[in-house]
Amino acid sequence: MGAPRMFSSTWFYAFDLFGTAVFAIAGALTAGRKGMDLFGVLVVALVTALGGGTLRDMILDHHPVSWIRDDTYILVACLAALGTVLWVRFTRPLPSTWLLVADAFGLAVFTVIGTEVALQHDTPISTAIIMGAMTGVAGGVIRDIICNEIPLIFHKEIYATACLSGAVCLVVLKPFGLPGALDTGLAMLTVLGIRLAAIRWHLALPRFQLLGDR
Amino acid sequence: MGAPRMFSSTWFYAFDLFGTAVFAIAGALTAGRKGMDLFGVLVVALVTALGGGTLRDMILDHHPVSWIRDDTYILVACLAALGTVLWVRFTRPLPSTWLLVADAFGLAVFTVIGTEVALQHDTPISTAIIMGAMTGVAGGVIRDIICNEIPLIFHKEIYATACLSGAVCLVVLKPFGLPGALDTGLAMLTVLGIRLAAIRWHLALPRFQLLGDR
Amino acid sequence: MGAPRMFSSTWFYAFDLFGTAVFAIAGALTAGRKGMDLFGVLVVALVTALGGGTLRDMILDHHPVSWIRDDTYILVACLAALGTVLWVRFTRPLPSTWLLVADAFGLAVFTVIGTEVALQHDTPISTAIIMGAMTGVAGGVIRDIICNEIPLIFHKEIYATACLSGAVCLVVLKPFGLPGALDTGLAMLTVLGIRLAAIRWHLALPRFQLLGDR
């Protein structure tokens, strides 16, 4: 979903592609539940995997958008989607626990990358936090909109809150100049930890139910 | 929703923030009617308040988008949304008449700002009018799309027509070089007047009902 | 939908405007089936006609977006939409076969233009193919999202596959440096041929139906 140049370290690039693949799988499965055809599955997978980073780069005027220059992203997302279709058709359902954990990991990577890119553009801290969370969740939101559903993340287990917390953690640790990529690592662990805890114990935010009259 | 530099006059900045707050309240209320959680309410409020200006700036390549550099917009929108949640939960429904009037005022501000920004980019007049109306209505359209509804403005009382009229008014008055911000003020009054009249007397555009066969 | 400068040849400009008009008609008809008012019809028509090219230009940072400088696009789209409303209201339904053929032609033009613009920006080949297909189909996808439907192209007759094939054809022929605009013409014929065959014989891609458990 668009690692900035400073993340060109092999590790982060690998993480980024892993997140792209995982999000593409989630997209393909959602499209499958809607009975879309092969092309629809591919599009929804691409949008889920690349949508968040693309929206972020367009808003920040951060060009070129990652997948415009490096088509590895498109290839990885398409292969992941096709693999999902073949796997589900010819074997058995994907193990949903693994998927949720992989998805949480992708979320952590994308959030950290998004926050970093925003900070590189000298945005205020609150903007950087929002851009980080947006990078993590926007792909899934667009996916749900295309599939004609109210985005899951707005009424299910804690999801975006995990992103926000991770982005806050990164922004707070940054000024201390920790050695290695320790701040990045801790921020990712924050996202992962909150998200996995939410899944395990079905934690959810309070709803804001408003009936009838406005 | 993104006052351009030329509007840095205190008055217009205050108007802009007021419009942002009002649109955020409208977004929070829509999200509440869908039973979203706290985070969903915040996102929908932000999108409603900042969506129109962001889309305009991305299309015009007008960077940085206002809230990227000045996080007052995000703060105002979030506070307005949180305040709405608390108010509605602990007291009583918001007075809908006040809200409609405030919303009409926000619409007037955003339309004028949008038209001005487009004109600054030397667009043709018809493009500037469309960009003005888009700045006013796009946030609400994206809000309704996220909430899985057909956008209100396409089948309810006159709404976008008020924006279009205000933008036309501004474009027509501009060349006369009126003193002060008289042209801007008259354009805003046009939007306000038409919108309030539409609310008061339930004015609506004719529908284009097309049944069955295409 | 945004012919790049290199297409300023009169022919291509005319094709581009023709595609814009046809897509605007398709948008107006969809809005009509949803009982939108006149303004909604206009917006949906504009979005269908200009959405794909605008999204492409924003992602590629290809500014100014065509209709920002040349308001012929807006005029053509609005006139086509208004004409559709008047025609359908006062005479009889539009002949759907003609519409489908015209739409296929618009699709061919937009796909070729989209692929060319992407190649001008030195994107990898796979990115150019995806941008070409996106230019052709995104307008219709956004239209269906606004109208609160799952995008038609994801579960009906072959549509996007025609775009993809045309874009592949253009990318393959390009290096041979054929005389005239032979490569462009052949790519357009590919889109047209596949799409018309799909309509004629109701060809569809296999669906990826996934029930119940994920």
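We just call them A, B and C in the order they show up, numbering each chain from 1.
Criterion: a contact is a pair of C-beta atoms (placed from the backbone, for glycine too) under 8 Å apart; a residue touches a chain by one contact, two chains touch by 3 or more.
These numbers were taken from a predicted model, which means no experiment stands behind them.
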Using just the Cα atoms, superpose subunit A onto subunit B and tell me the rotation angle to the nearest 5°.
120
Given that subunit B and subunit C are copies of one sequence and touch, is their interface built from the same residue numbers on both sides (over half shared) or different ones?
different
Geometric centre distance via CA averages, subunit C-subunit B, whole Å
29
Hunt down the residues of subunit C that sit against at least two other chains at once, touch-wise.
58, 61, 145, 148
Seen from subunit B, its contact residues with subunit C in the complex are 58-61, 121, 123-127, 130, 141, 145, 148-151, 153-155, 159-161, 164, 204-211, 213-214
Touching residues of subunit B toward subunit A in the complex: what are they?
28-29, 31-41, 43-44, 46, 54, 58, 61, 63-65, 67-71, 74-75, 85, 88-89, 93-94, 96, 99, 145-148
